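Just below sit the structures, each encoded as structure tokens.
Note that subunit A is present in both complexes that follow, paired respectively with subunit B and with subunit C.
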Partner chain A sequence: MNGDSRTVIRSVLREHARLPVDVDTLGDDADLFAAGMTSHASVNLMLALEDAFDVEFPDRMLTRGVFDSVSSIAAAIDELSGDGEPSTAGGAG
Partner chain B sequence: MIGLARTSRAGVVAAGGGLRVGIDLISVAAVEESIRVHAGRYLRRVYTSRELRDCANSAGAPDARRLAARFAAKEAALKVLRAGDEAVPWQSIGVRADRFGRPTLELTGSAEELAARRGLEALDVSLTHEGPFAAAVVVARMRGGR
Partner chain C sequence: MSVPVDSDRVLVETVRRIADDVAAAAADDVDRNARFPSEALEALRGAGALSAAVPAALGGDGASLETVARCCFELGRRCSATAMVFAMHQIQVLTIARHLDGAPWFEAYLRELHEEQRLIASVTSEVGTGGDMSRSIAAATPEGDGELSFEKQAPTVSYGLHADDLLTTLRRTPDAEAGDQILALTKSGQAELEPAGVWDTLGMRGTCSPGFVVRARFASEQVLPAPFAEVMNQSMVPLSHILWSHVWLGIASDAFERARAFLRASARRRPGEPLPAAARLSHVMAELTLLRGEVSQALHDFHTDDADDRSRLMTMASVLRFNNLKLAASEHAPSVCAGALEVVGIVGYRNDTPHSVGRHLRDALSARLMVANERLHATDAALLLIAKEP
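Right, the complex of A and B next:
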């Protein structure tokens, strides 16, 4: 995934994840749940990512691990876009 | 049988072994915002058709307070299930009222399968909403009192 896509992910996070901190202070591998994202906010995040990237997260990817960092989201988007290996991240929260 | 034990000062408390409990609290405003921003997609991805019917107001519109309590129940159930890295879609955990109007928890699909693997043989749920918040508690009994 290129830098532009990560920029889009950060923009979606800023608008929908209701993080109590500026997303730009978090690294790509920072744990978004540890940074204050709630499980309910992760639903909004998922729906907004689907809109932004024109993808749909299947049930098997509805795990905490898929949404817990910019990097894990980018890997999932890559997979759904056909640009990456199947995601092994997991964990519903 | 859910065991109870007496303590010296705190009255009667659950006897720990054999029980699991999960709790969750959610802002009703967060659910209202999701309905406003994502509308039907949010509702269809998270709630069962039964929950959507049960949480419609007299005009047929979704009641965010009741939906929020149900989302809290799903999250409380995930804690009891110790879902960890498992994929458990929100719709596989549902709340429905029994014939007396009491909420009961209904697990299907991957949630039902995970409960079996975790050795959970009975679950119960309690919901509440007051002002800006909704909450739920889920209690599960472990098979064989583990």
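Right, the complex of A and C next:
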């Protein structure tokens, strides 16, 4: 995951995470939920990330832990758009 | 609902006997006077059932979730209040046991719970959060001497005055966001409950769940170490929905049995005569069968996910799954009770007959409000936009 994607992630966060603080004051590893992101906002964040990166998060990735920091989101996007395409969406079943 | 281990089978038998002999006899009085089912709780204490879910390594029975669920069902058939108190207590015990991460204070606490058969109530609801358990206003506040304190306005604390200990959701610190939570266990003597109202309700009257202002002071080791999001998604929420549903299934099953007994008595009096209400009862049975199927499938699904990979319980698919159990069970249980009432008619509407099902219906109606269904639908509505499997 290059710095560019993190920039995109941050801009999606700015628009959809409804954080009470400026996202740029948070480090890549800062806990977004502790910073005030609600679970409702996190769903909108996931939808917006799917759109921005043209990916689909499989059910196994739809957990709080995957979306709780810029780094963990970047790792998930990385896995989905990387060359080693993971198994099909819906892998939690 | 299979119960494989011998000690588990003995426990279910014991609890069933307590349900039949003690809880059933007091159920009407408990309901009428909105009083705590003390005799049934004493009997459960005497049988060591309050520590059923404490792991064997810490002195308890290490009973399986199936066994605990079966006990909730058996109690639910005889006294909803006893069953709900038992279920809520077991949810707290299971939550602590599953997330104590080897913390010495909590291990010692569970040993003590087993030896003294202590009863835990939970203080999760809070005035001002709109029923959203994943947000808190009250905060764990450092007291300078290494201790923590809190003051929480709780709109309902089930059996608050009858519990030994309290498990309370709080913000981690006075500066923390509403969603940055912890769970603290405080013991009697560390907490005071100032009553804020009375518990005079349509049903579930014996759970004695009025509001309180809860104030407590406690040591920092009394905060459960595991991350709250894990505790909530892997245990508190799914286990609540599973054990509550078993209670509601028990209530609905007894309402159905009462209606069947009523019809059977009518048929015996006039053999061969048409009995139109029997067809109605058949519809009720079909709905009860669906309810039973969903309750037992959800228990199975929890077990599979938990055994294979506990993190699967963190997914949105899993949140939807156990929300759907709660929605289905809380809609169908009162519907079965209302159907049973129609079958029995005025004899069932009266409160003083062996076929009375009014208490069942009133108790089962609480199911939709214990975490309001509309709140769950709102959550599910958001999640289903992103989750890939239903």
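Basically, the second predicted complex is superposed on the first by the 82 of 93 C-alpha atoms of A that agree within 3 Å, B and C clash if a C-alpha of one lies under 4 Å from a C-alpha of the other, contacts with A are read in each partner's own complex, and residues count from 1 in each chain.
In the analysis below, a residue touches a chain if its C-beta (ideal position, glycine included) is under 8 Å from a C-beta of that chain, and two chains touch if they have at least 3 such contacts.
Remember, predicted model here, so these are calculated numbers, not experimental data.
In the superposed model, A:R6 makes contact with neither subunit B nor subunit C.
Judged by the touch definition given at the top, the superposed model places A:F33 against subunit C, while subunit B stays out of reach.
By the touch criterion stated above, A:R64 is placed in contact with subunit B and with subunit C alike.
In the superposition on chain A, A:P20 contacts subunit C only, with no contact to subunit B.
Once the two complexes are overlaid on the shared chain, A:V43 sits against subunit B and subunit C alike.
In the superposition on chain A, the residues of subunit A touched by subunit B in one structure and by subunit C in the other are 38-40, 43, 46-47, 50, 59-60, 62-65, 89-90, 92-93. Partner subunit A is touched in their complex by these residues of subunit C: 134, 176-180, 229, 233, 311-312, 314-318, 379, 382-383, 385-389. By the touch criterion stated above, subunit A contacts subunit C in their complex at residues 20, 33-40, 43, 46-47, 50, 56-60, 62-65, 89-90, 92-93.
Taken in their complex, subunit B has these residues touching subunit A: 24, 26-27, 30-31, 33-34, 37-38, 41-42, 45-46, 71, 75, 78, 83-90, 110. The part of subunit A that touches subunit B in the complex is made up of residues 16, 18, 38-41, 43-44, 46-48, 50, 59-65, 89-93.
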